[in-house]
Structures are given as C-alpha cells and as structure tokens.
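Paired with chain B in one complex and with chain C in the other, chain A is shared by the two complexes that follow.
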Partner chain A sequence: MNQGEGVMSQWKGNSGLSRRQVLATAVAASTALSAPAVLAQGRPRVVVVGGGAGGATAARYIARDSKGAVDVTLVEPTRAYYSCFFSNLYIGGFRDYASIGHSYGALAANHGINVVHDWAVSVDRDKRSVGLAGGGSLSYDRLVLSPGIDFKDGSVPGWDLSQQNRMPHAYKAGSQTQLLKAQVEAMAQGGVYCMVAPPNPFRCPPGPYERISMVAHVLKETNPTAKILIVDPKAKFSKQGLFEDGWQRLYPGMIERIGPDFGGDKVEVRPASMEVVIDGEVNKVDVCNVIPAQQAGRIAAAAGITNDAGWAPVVAHTMQSRADENIHVLGDASHQGDMPKSGFSANSQAKVCAMAVRGALTGSKVYPARFSNTCWSLIGTDDGVKVGASYEATDEKIAKTDGFISKTGESAEVRKATYEESLGWYAAISDDIFS
Partner chain B sequence: MAKPKPRIRVPKSVEAGVPFTVRTRITHPMHTGLQRDRDGNPVARRIVNRFRVRYNGAEALSVDLEPAVSADPYIEFEMAVPESGLLEFEWVDDDGSVYSLRREIAVG
Partner chain C sequence: MTARSTASAGKSPSARAAFAALTAALLAVLPAGGAWSADAERGRALYAECKRCHQVGDGAAHRIGPHLNDIFGRPAGSLDSFRYSPAMKAAGAGGLVWTGAALDRFLAAPRATVPRSRMSYAGMKDGSDRADLLAWLRLSSGGGPDRPPAQPTVTPEEYGLDPQLLTIRGDPDYGAYLAGECTTCHRPDGGEEGIPSITGWPHDDFVIALQAYKRGKRVHPAMQLVAGRLSDEEIAALAAHFRRAGDQP
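So, the complex of A and B:
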C-alpha cells in the first residue's frame, strides 16, 4: 500500500500532531483495552472525490467539525485549483490569474485532511472502496462525489477534446482559460469571436453570457471593429434581459446571438479551417469558444449512480445518492431540483452533506437542510448584476422558497455595489472552501 | 459601425399552397436621430427604412420601417407559394446601402 503510506505522510493533525503521533496514542489506549482490532473500525473513513467548491467544502467541514473523529481523504488530481467562478473576470482583465488560484495546503495543515493528488477512476460499492488511476485504492464508510462536469461526446459535431487547444472550451478553469484569453487578445482587428453555447442543463447558467460581456469589454478597448457571434441552442438564457440591456448600452452593434429560431441548434465546427457551420451556412471565425453539452464528472457514471441524462439523482435532505445511501453527490454532478449548477450551490450543498455525514458516522445533531445561492455576473466596469434564491429540502427535490434578481435601469451606484458585493463573496467563499 | 448582417430562416421544401413561416433579422443600430452620444452630440438618424420580399420576381411583401423600430429589426411572416422558385429579400438602409439575401424553395 504505497499509496496509503503516501497519504499518511501528508496527514497533519490539529494542534500540530502528526498522524503517527495520533496513531501511537490511540494504539496505546486501545492496547490498554486489549482490543486493538477495534481501532480500524473506530475512526470512520470518509473519502471525498473532487476538490472544488463542493468537495473541498465537504472535506473541510467534516474534518473540522468532527474534530478528528472522522478520517477524511480528499482525492483531487490537480495541485492548484483555479475557480471557474470569477475566471471570466480574469478574461476581462478584472482579476489576475493568481487571484483565482487556490492551494490545498491549508486543508491538510489546518484540518488534518489527507489530500491525495490522483484521479479516482472506479468505485466498488460492495467493498466500499475507490480505485485510483495511480493504482491504489481507498476504503470508505461514506463516499462524497463532487466531480463537477464532463463534456458529452459528439454534442457539437466536429469538436472533441483533441480540438480543445484550437477551439477552447475554457469551461474548466485553468490553462484553458489562459488560452482563450490569449486568443481573444491576439485576434485580428475586425475579427470574429464565436461562442457555441451549451444546451441546458450546464454549469453556471449565466457563465457563457458573462464571458461574452468580458470578451466584449476587452474587444471594445483593443479591437472595436471586432464582432461577437453567439450560436445558442437555447431559446432563452439566464439573466437574458439584464445581459441584453447591458450589451446594447455598452457594446452596441458588437454582439449577435443566433438562437434556435435562426438555426443555433444546428451547429457544426471545423477546427482545421476555423469555420462554424450554422444550419448549413458557413461562417469564418477567428476565435471559437466551444462549450459542449455536459454531464456529471465521469466517476459518477463509473459508480453507477447516474440517470439517463448523465446526472446523479440525490435525496435533498442529505445529498445522498438515490442509488446508494453510502454515497453523497454534490454540486454540478448532482440532479437535485431547483438549484443552478454553481460554485455557491455546491458550497451550500456541501455543508448540508457534511452535517448529514457527521450525523450518520458520529451521532452529531442534524438540522433541517437549508440551501442558498447567488450568481453574480459582471457586464462591464462596475456594472454587476445578480440572481439568487433560498431553498429547502423536500422529499422530491431541493425546492426554491424565494428569490431575487437585479433589474434593468438600476443606477450606477447599485450596479457598483452589486459588483463589490461579489468581490466580498469571492473572498469569503474562498476562505470557506480552502482555509 | 460594423456592416449590418442579415439572416433568414425559410424551410428548404414546402407544400404547394400550404402556409409556412419566414423569419428575418438584420443586425442594425436603428439610430432614431433623437439620441445623443456620450459627449452630448446628436447621433444622426440611420435606420433600415424598407424591407422587401419578392418571389419569382413578384412582390410578396413590402414593409416601411420607422425610427421607433428597435435595433436588429426582426420580421416574421407567413406565406404560401404555388410552385418552386426563388425568394429574394432586401433591406434598404438610410445611407443608401441595400443588403440582400436569396433562397431557393422547392415545392413537392
């Protein structure tokens, strides 16, 4: 079990205790009771797959609030997490790249979480163990899956992952986001930026349209004769009135959206020639941002807990999979009801999940589930808008109880305050996930 | 201003005499002549003032547009045709430009 040793060597307990010290103490105590075999079962094990807003929050809250009573392992392939939320602001030049990056160091150091940088590739639900690409496996009492999204093969004819450097998706933040930003900045004067928008449901419903706003903001300054073409299979989209009002005010004549009424649902791309074919009409473009149709991250399907649409149905009260009560699913990957797929939602669901997991494993008190979400979007400098809601758990789903949305015609002061609120939120949620 | 870009949606094949939907849209700012720019200077009127459709050379539709029509004018209508032929679309700009598109329709 080299993998296991690797995991243990990263473990640092609260108060600076190493795992070895904790084990030594525990072994001494159990030896006194002459029941060393109980030890392995005495400390319940939670494995969390996915170190984003859902998984990292769940790992942190379970480890922190159980005060070492639960052994928590977080499996995440990347060593630095670049948040999808606010990555559009990086494209727009409102954030630098480092400011959307987060390390897992604090989760290990402050909360004793075993952070394993590997891919989880299989789940043996009978043996309750997770297989890793590196060859090891991790056994669990409860498994939390928060793998985010993967793309559906073939959803945009002509595009697959091998084309992602020519036609970036930039819908998992990181090098893809850097690439798209560089392509926008390198566009020829008067060139065309095209986005192939995804069908519902998908990660961050306003995300593609905030991105359009940020690209327009950049082009207005550096390339004012450039055009933006959105090819969209959806008749409507999130915060549509707010975005279209903003585009008209700030970027008049630059943005054209082709919905299904003009063939936006019949699109094919040709990466080699940089062409986008819209229901037979060939459009030559300079940058093509393809955001394909989405489904739960692959480990959810590998675990056998997804529905026909590719998402994992869950019980709203606890975020437990409807197919396996030992597995919880969070965030984008879950099929839960009314909440949008967002970092805020995942973070909110993770706290409900953490409470349920601790309740099941340590007998701690469990309160009725409450959820909340807000999606902020930036349309231009100091021009922020938001949509949000509160939710409760019913037996069928996570159900919306009340909501709010920005209005068109708001004053510049209100829009600036909304943007500044989003900055505060980003700082706070980053701490809530990673500190 | 970027060059206006017209788009149309027409079925490729239709049945003789059975109405079908035609959708058209052109990207255009439709400046009313009443607005001012950021520096307070008047923005000259510039609109698409006429939209025309011909089928096999005969006028099928003619529309006069006024300054109250919003940006990117969208015009949808129904028509029926007796035989295969050519649909021609024209948008006439205040500045004299004419933007046109054409589409073959097969009856059968």
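So, the complex of A and C:
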C-alpha cells in the first residue's frame, strides 16, 4: 500500500472526497505504476486487534464466510488465550487450567487468517494503518478493535498494576488467575479473603460474585473457618437474589458483603501490610482480590475513538465506531447500549460486525442485526443459574427486547441441567471463536 | 408396502387403534419366562423417551437419530446412510456391537459408554425399566412380518401447530447467517455436552421444535427467547441451513 498511501496523503484534508473515493483514486493511481501489486491491493484488507471473544470470532467469520476474498490479519500478543469465562470454575476446582486455554493455530490453518503475535500501539486513521510494538505497521480497509478492558488508574487508592502480584485482580485470565487460586489455597486456617468489587460498568456483571461462590466452595472444603469479605461500591449486583440465596444455603456464615451504605465505596488498600481500609476502619486480610474500575483496552483511546468514560461508542447496526466508519469496536471495549460485557455478547456482536464488514468490502448480502446473550454462573457443585436476553439494533443503541433469569427455589435437577448446559455452551463458543 | 405402513403414514385414530391391537397380539405370542419375561408393553411406554429422535418398526427411517430396525447384533455406528458422530463410528470400529447387554449398558449411561456421542440423553437409571424397554425394542426392531409400523417422531398436532408451517421453504443462505445465533451454544459438530447437536436434523423435526418453543408449547427459557423472535420464514431458513449442513463432510 505504500504508493497508495503516498497518493492518499496528498489528498489529506480534502473534505470534498469521501474515504472510499480516495481509496478508489489511490488504487487507480497505483494501477498505472505497477500491475502485479494491484492484484494484492485488490483484495480488501481487514486488521483485527485482539484475539479474544470478540476479535477472534470476527476474524474467523470474515475469513470463513468471504472464502478468501478478504485478507484477514489478527493481531494478538499472546500465543494462548486463557478465557476469563470459566476461569472462576478453574479457581473452584471444576476445570483444569489447560481446559480454559486456546491456541490460534486453527484460525490460521482452517481459515487462512494471518495471526501476528504483537501489540498494536497506534492507529493512524487517515492513513488507515495500525502501528505494532515490534516496529511494523499494517494497513487496512476496515479495522476491528476488540481489545477487552484495561484498569483505571487510581480507582482503588493504594493499588496500581505494580501491586498485582500481592493483590491480584485475576480479571484478565492467565497467570493472574493461577496466582489468585494459589493464594486462596495457601490461606491460613480461619484467614480472610477480601474482594474489592468494581463499580459499573465492568466486564461480566456476575463475574465477581461467581468468583466469591467458587472461593467459598474451595474454603468450605479445605478451610471451613475462613471468612470472605466483599467490599462493594455498588448498591446492587447481577443475579443478587440467586447468589445470596445460594450463599446462605451452601456457605452459611462465611460471606459478608459491605455495600456503599456501610462504606463499601470508601476503600483504600495497603498491599505492603495486607490491609484494607473501609471507611477509615483497618482490616487485616490474607488474600486481597482487587478488581479495579475499568475502561476500554488502551488501543481504543490511542485511536481517539473513546468517550469521557473511556469506552468506544458504536453504531448498533454494524458495530462501527461513531467516530470513524472504518473502525468497528466489539465486546467489552464498546459502548453499545444494553448488552452486558460478556464473552457471549462479544461473540454475538462479532457476527453482526463480520456481516457488515463483508457487505461493505465484498458486496455480500447484509441482514438486519440481531444479538443475544446468556450468562451462566456456578454457585456450588451442580448448582448452576443463568440470565439471558435478546437485543435488537436501534439508531440509538443495542436495545434489550426480552429476557429471562433463573429462579430461587428451583429443583436440584434444574440447577444441574443448567450447569451441564454451561459446559455445552463453553465447548460450543470455544469452537465458534477458535476452530 | 404393507397396509400397516400406509396406516402409520395417515395418523388417524383408527390407525392408532389398529396399532394398539397389533401390539397386544404380538405380546400375546411372546414366550413366557426367560429373557423375555420383561414387560414389553411397559417398554413401549418407556420408549416415549427415545421416540423424539428414533423411529423403529415397519417403514422406520433415520430422523434426528438413526432408525433402530435390526439393531440387535449390529456394530455401532455402522449404517452407511446415517451421519454418526465420530465417537460413535470409532466405538463401532473398536468392536462395540449392539448386543442386548451392550445396549443395556449404553442406555444406563450413554455418555459414559460412548463419550462425545451426539445422543442427547442422560440415561435410564433403573435396570428393570431398561429390560422392559429392550423387550419392546426387540419386538419392534426385528425383521419379521409382524413388525409394528413405525411411528412419527413428532407431529405438528402434538403441539397444536398448523401443519402448513412445514410447507414453508426456507432460504438456507439466510439460515446460515441466522445460525450464528445458534452456534454460540450448539456445536456444529462433535459430541453433545449438556446442549444437543442440531446439525443434520430433519426439516420437519427442526421446524416443529422451534415452533413449539416459539409458541411456548415447549419450555426452555433460552430457546423460547431465541425462537420467540424468529419469524416462520426464519425458522424455515434455519431448518434448511442445518439440514444442508448435515450433508457436508
């Protein structure tokens, strides 16, 4: 694209032309210069940043369904993706670590996706190119960003990333999850596990509370006099009735939650002394799981497409950034409306995005967007619950149309079937993202 | 074609009565005692759990699962015309033959016997239930002239659905897009694990299942949610897509 870019940069700032016209002109200009290069340029290029639930699904669907007509490059620094989904089950001892890891080999082998293991560090929206930490750059016709989350500095006084080994977040899966599990298992008898829960919005609304359930499950068996303390800035949380009912049934007396009415929103941590200060009162704890406030993965801000809260607003029909029609944003990083930030949602949004991208680049048929989400949570052995909803695209946002949630007092068979369903979902969505 | 199979195609009450009478007649000629002391009539009722997916008897065809005619003594996964899971094929190649004892073991715990098979059934725990079921199966799957007629796996009438819904021809390409919403939970291939495989389902079975969810006649919150907003044309499109996907290797 070098020659093309050269031509385009001359056009920069010419507001009389749309980007598409500029591209057409650029291609025409380079046609005259060197015919063979044009063949490569004739194949539209998509760069996807982030090989998680959103990005890998989008890459897979675009490559698979365009049958080679679109050149797809996936930029992802890690060689194995450890999913946050089911990472709590790993902490609880219901899954082994290998079972939540996924490689990118099949995406390359089965769909011809060019997988580049690197960090994207910059986006030049005028040149339509992505800069890599390793030094190279990738040009694109469409860019898909699905970088997940980053933490907001200073949201929990006393905590920053340099403290993540003493006080793990385990909110990006991998070594952090392993560390937190090891710390829980090494807790002194009768010790205290503390979670500093995040404010809204954050990835996986039931995630912190499923984690509490799994930690309680482990402690009940190995350390029954231990205590769990949740310091929560939110008055309410997802599936609250279901979790609290389960905690009372399965782990009576073990879990205490301090909401904002008792100072849960005024917390400071002291990693060196393993202390948590709640509204001025000092608590000594053995494990401290700090889940800070969140925002879109850094690259979204670097691209200049985030709002004041740090998320990237999108058009619901196509998942295009509201700031740049050549960029699509998926999953946790997007500000889209009513969908929770979940792997299921990211996967669902990716399919809408893939269809829109193919439509724009190859002229394939575009159908109305539709989205759905179901989040399963495990409270104890064979005690699964779920919440789900369907959504549609409006001009304003992704809007919820209908939903359901498990009920308290369901039979053991229903709860077991719900748990087994979640196993089927994990197997299926893993295939849908990575196979 | 015998008169019986014609009767099974028309689902008239008189055909049902004839079928019941026939069953009674067959049961009357069963030897007393021995392996056949099991209660085949009870087994016929228990077969209701299998009937959603499998046909057995005169005129039986593959549906969601393979037909069960002449199953006794047959190697597992060995009918050329059915698309088995790789796991079931491998079990057959590894020597699994459907003797009465093997079927008994399989039915007790399908997923433990053939892990990653596509059969979406948790198992029949009670040994005497299984004996009764197998007695019925032996009776209806054998090749004799008195084999009872195969029953349909499902009919629109069971759910109070308009049979016209089955005549809508869907666009499989549209179905392929819509299927993105299904494959988050239903694996396109591989074994069932808490969520059934739906690839390769017969058109009518697929449409009836989704229409029944859509209209609240079958209960499952996630499926009712998904099906609830699918139009009749979209359901037909999905049926066409998943039927077609079953033909692909």
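Rule of thumb we're sticking to: the second predicted complex is superposed on the first by the 398 of 435 C-alpha atoms of A that agree within 3 Å, B and C clash if a C-alpha of one lies under 4 Å from a C-alpha of the other, contacts with A are read in each partner's own complex, and residues count from 1 in each chain.
Note that contacts are C-beta pairs under 8 Å (C-beta built on N, C-alpha and C of every residue); 3 or more make two chains touch, one makes a residue touch a chain.
Quick caveat: nothing in here was measured; it's all calculated off a predicted structure.
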item	value
Partner chain in contact with A:N347 - chain B first, chain C second, else both or neither	second
Chain B versus chain C as contact partner of A:G388, first or second or both or neither	second
Contacts of A:V116 with chain B and chain C, given as first, second, both or neither	neither
First (chain B), second (chain C), both or neither touched by A:K227	first
Between chain B and chain C, more extensive residue contact with chain A	C
First, second, both or neither for A:M254, with chain B first and chain C second	first
Chain A - residues contacting chain B, complex	225, 227, 248, 252-254, 256, 258, 261-263
Touching residues (chain side chain A, partner chain C) in the complex	61, 344, 347-348, 351, 355, 365, 367, 370, 372, 374, 386, 388-390, 401-404, 417, 419-425, 427-429, 431-432
Of all residues in chain B, those that touch chain A in their complex	1-2, 5, 7, 9, 23, 25, 27, 29, 71-72
Residues of chain C defined as touching chain A within the complex	173-174, 177-178, 180-181, 183-188, 190, 192-195, 221-222, 224-226, 228-229
